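Here subunit A shows up in two complexes: once beside subunit B, once beside subunit C.
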Partner chain A sequence: MKETFFRSMTWLHTWAGLAVCWLLLLIFFAGSLSYFRHEISLWSKPELHQAVFQDYDQRQVEQQITKGQAYLADKAPDAASWTISFPSERKPYLSFGWADAPKAGERRGKFHEHVVNQDGQQMITDIRDSRGGNFFYRLHFDLHYLPVVAARWIVGLATMAMLIALISGVVIHKRLFKDFFSFRPAKGSRSWLDAHNVSAVMALPYHLIITYTGLITLMFMFMPWGALQQYDGDVRAFRADLNPARIQEKPGDTQAPLFDAARLVSQVERQWGIAPLKQVSITGPGRDNSRISFTLNSEQTVTDRRNLLVFDGVTGELKSLGNPESVTYKTYDTLMSLHTARFADWALRGLFFLCGLLGCAMVATGTLLWAVKIAQKQQKAIKTGARPSIGLRLVDGLNISFICGLPLATAGFFYANRLLPVDMVDRAQREVDLFFITLAVIAIVALWDGLRCTQSWRRWRQWLALSALAFAALPLLGAVTSGQSLLSNMADNQWTLVGFDMISLLSALALGFAARQVSRTKLISSRQGATSRLNSKSATPSTANTLTPRAAVNKKESRDLSLEEARQ
Partner chain B sequence: MILALCLGVIAFSLMALSMFGHYKDCFGRAPTRAEQRWLTGFAWLLLLGSYGQCIHYYHLGYGSIVFFGVMTITALSTILLLSYQAKRLPLVLTLTSVFTLVFGGSSLIA
Partner chain C sequence: MNTSISQRLTPIKRDLSPRASVIVRLLASLFGGYGVAALTTVLLAQSLPLSRLDAVLVGTMVSFSLFAMMIIRLFSLRSHLRVVLEPVALCSLLYGLTLVLG
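And then the complex of A and B:
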């Protein structure tokens, strides 16, 4: 325990944040990209970029269901389930899909999707195997290579640490309102502190909500006892009540003719009025226990639940209205929706994405600030020829690996999506592998630099510049490999793809700006790296003692700040 | 949302100007006590107006969420402007105010 409450909170903030910061950066980064996971998935399938996009048309729904049911009965009569997905804002195409029966040890069978062309006549069946945006979505809570349950425990614990760091951060930020608009660039550690404060305070409601609701999404894993007590330990019954849409019954053994789903549309309209539908799902088609579910496209309603109408697949009788209506459930649903933001239109999703990036900036600047302060403390010893401490070299290495590595690895993932052979075995996994290989290469280089004590801001500049180049060239890669350029996508009103290219170009600009600023920023001094011994040795006493007027001002300011911090 | 964004930019700019340091960066002199009070009060009113715009167009739940996003982006742009081009804040403030008046006025007439 520290001597004052303020110091205890500062200690808590530093170590709660530092313990999980790189993992949090990965979670925030992947989570932010997840806001556009359908859009990324669409970009990842260039087979769908020509003459596929269409708007939802209420008048054609019955016809589309009839056609889909006939197509699926022909293609996959023995499937575990069929899905007819209607065009929506985020997935602007009509598709017919089916899931195979799960193999032993699997929860769900493999899902196949065929997409209907704009003319409604041709089907696109050869779509490349890619995880697309779903990779980032799963990565932010499943961590890809780890067992799912272990990964969620790790993510959950990191989220708890984040919540602690946020609350203690608010407590220790005494000048929250006075320094509300303060960002003083090119002033060493003061700039990093300002950047950390600005990125945290500007999106503070978002950070608090996303962290808290992140815990809510995992609450039944952390604290299942209340529900288990209520349901006598029957988890399946509890989940069925909580989310009827996710419960899948095994197809029965007895054959029975399937009801014509298009004939149910009038009943659906009686319940919901003329509202857009998201999809029609048929479980156990051709079996005596089959079900036909209509899912409403809830558009901008702040909800995460799937509004369902479930019918008997043999008789067409209405079986259930889907969801519970209790106040507790509504509260839970609202909190979940605030985390997933599935209700948000493109503009609001863009704002969520921006706040997510501010979260990345908050974590990154926090850990950079720590490294810079430790480097400052060791500066004297380093100047006399001592090696920077292992801790400092490790933190610097992890910083460059994650802060520069994540954008470059993401670009690598997109390049792999377009450049790997389409018929490659396990292609989707190879794309993912390339993401982690890129990250590993940067980490190995950082480790090598750390071992030789040659870590420098030059390396940061190289990786950032390479990332900027990679993102700048993505629209070109897209045009060459899909036949649809940025301009032709604009002409064809394919705004999802236009948005992807624009974000790539903006990312290139931001990364290029960061690369330029790294060379200008006086993190320790204008010539030195964070832990570079070679650079510090080369600084002569005469240059160290002779201060330019600007450096003198900086020195005075840093003295004032130290005084201010000591007073606090 | 455009009007809500404009109102947010004006509100945060005024709020920044009500602070001693930022006012001095822009105008080269310290603000008077009355100016500070006037700027702060007007900024809060405009922020309220921005919230009103959000819930008017998007309803209470969705509009409230949009408003937090609007606050983030407008406050961030104000900070970046103050950090790199502080002298241009009055010009940006004037242009945004004129645009808001024209855009808001034409929306009312329509």
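And then the complex of A and C:
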């Protein structure tokens, strides 16, 4: 559309990026946290922090199934499904859960979970109502307060824009390898460009894969035409072919006695050998069409092949061996698991998490770069008393709302989890509301600043400092409200909970550092003249690579600043 | 593909305002680009020598890369006539093929 391909791609990169960057930041942020959704869920249920943790024990499986089936038959005879969930590395407790029959207009009924005490006798039934890590997981692709289908299309379009921005970004990045090693700090927009490049290039394979596989995870919603045409519009038949084990039927009306699931364990072992089980789920218990499925705990394998055995719930006859095994299906399944990292242990998960934060950094530095460049263009006019353009003020406001808002809102969510009354009506939703209220407060303040043209880095410092404080106090809050402190968790080898506190403290450090840097450097405050002065110096090639003394001092600081701040 | 000789020799004509140009390209991308991707999915799903499910999976998995390539192309072409005509021509061709092969 421009004179050259290069310039067309530059234009496309800028506008495809700017159009969706704040939504992408939210998606990247929620997605990064989702790598630890079970861990976050565990933290958000302090009732479980004592006396429930246990390891998987092969010898007890049959007994646990019998106990679970009896317990659920007593507690929830009319449930749509039952789930007996065995202890695993990420969910280290035995629990019996059930889902109510969905109410009109709901796809799934409410899920209840009771947890078995270590002694195997007592049940913990009074667990606070919280979405925990599932909130971030759902937020990642369902957003919130929106119909699910609409939200997924919005997320899908944003993902497509992200893919376009990545491709065009690679095209316009002339010196991909060289720029990898260059960071020119305290040089206004140049420094932001460098930070944008570094965060993008360092994790480029991750960004490309996560974007494309993101589309793959929901591909039959975005691109159903091949399936619809081949299956003559019969979605159910297609689903049955794709995922034979997961097809769920409505519980029938005819009653029939349920088979004793524990008696199937020997059959399961014939198929899988002695392998750890993740859960046993029983759909339509007590009906003539009930099914009993065993799920293998396949945490370390990349594909989900054959991780499910389905039995008839009345006769105990083996119904399905799991998913299809063609090469194509395995490819599809591998792409999905690359997105969800379901095969990864905690270290690899941590690496994915860091790459996700680099994605946040890439998006945030990109939009900051845009704002700084536009501010430079308008600098003369602003100096003579003109107001910054509406576009610039809007972008500035959205930047502070999302970049400072997301960490603070997350802290708000965790505080709500511990401080709201346990018996509150609709408690889980109130926690989520608090997340969005925090975002809204920051946005309203940003709007107020924008309308009065008093947007400044001081406001950034205030919010960042507040988030730092909030995260620093989180382990304290945890200790007071759960009775388990960081040290006692260490002593008990509860590394999930220890990890949560550690990440909070690290986040607090990073946010505090960012807050300090914002108030110290004039790295990004082009409106105060510092940037243009430094920029004019860097305009000549001879000085571009020689750091001024001031810049040399700032070198390390500002690199950390731009990455740290943005990635939060 | 866009820097072919014939294109380079075409004089640059500002036949549309920048805003109109963006709108035309955006619409062509969203509908034309998606159309090309969707029709390719259908074509692959029905003509690949694989089982029904596998053919659908392959066709659907590659569709997004086609969509992306179409968007890149439609935003790099100079002539707005081509921006409109190329997706239309491609869609017609693909649709014709699905009928012939289907």
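Basically, the second predicted complex is superposed on the first by the 517 of 568 C-alpha atoms of A that agree within 3 Å, B and C clash if a C-alpha of one lies under 4 Å from a C-alpha of the other, contacts with A are read in each partner's own complex, and residues count from 1 in each chain.
Following the convention adopted for this analysis, contacts are C-beta pairs under 8 Å (C-beta built on N, C-alpha and C of every residue); 3 or more make two chains touch, one makes a residue touch a chain.
What you see is a predicted model; the values in this text were computed from it and never measured.
Engineer: Which partner chains sit in contact with A:Trp272 here, subunit B, subunit C, both or neither? Use first/second/both/neither.
Structural biologist: neither
Engineer: Specify the partner with more touching residues on subunit A, choosing between subunit B and subunit C.
Structural biologist: Residues of subunit A touched, subunit B against subunit C: more for C.
Engineer: A:Tyr71 in the overlay: touching subunit B, subunit C, both, or neither? Say first, second, both or neither.
Structural biologist: After superposition on chain A, A:Tyr71 lies in contact with neither partner.
Engineer: Between subunit B (first) and subunit C (second), which, if any, makes contact with A:Phe183: first, second, both or neither?
Structural biologist: first
Engineer: Which partner chains sit in contact with A:Phe436 here, subunit B, subunit C, both or neither? Use first/second/both/neither.
Structural biologist: neither
Engineer: Could you look at A:Ile164 and tell me whether it touches subunit B, subunit C, both or neither (first, second, both, neither)?
Structural biologist: second
Engineer: Between subunit B and subunit C, whom does A:Ala347 touch in the aligned arrangement: first, second, both, or neither?
Structural biologist: In the superposition, A:Ala347 contacts subunit B only.
Engineer: Which residues, counting only subunit A, touch subunit B once they are in their complex?
Structural biologist: By the definition above, subunit A touches subunit B via 178, 180-185, 198, 202-203, 205-206, 300, 302, 338, 343-344, 347-348, 351-352, 354-355, 358.
Engineer: For a test of understanding, state which residues of subunit A touch subunit C in their complex under the given definition.
Structural biologist: Listed in rising order, the residues are 1, 3, 5, 8-9, 11-12, 15, 160, 163-164, 167-168, 212, 215-216, 219-220, 222-223, 225-227, 229-231, 238, 241-242, 324, 326-329, 331-332, 335.
Engineer: Would you pull the subunit B residues touching subunit A in the complex into a rising list?
Structural biologist: Touch residues, subunit B against subunit A: 1, 12, 15-16, 19, 21-22, 58, 61-62, 65-66, 68-70, 72-73, 75-76, 78-80, 82-84.
Engineer: Quick one: in the complex, what on subunit C touches subunit A?
Structural biologist: By the definition above, subunit C touches subunit A via 2-3, 12, 21-22, 25, 37-39, 41-42, 44-46, 50-61, 63-65, 67-68, 71-72, 75-78.
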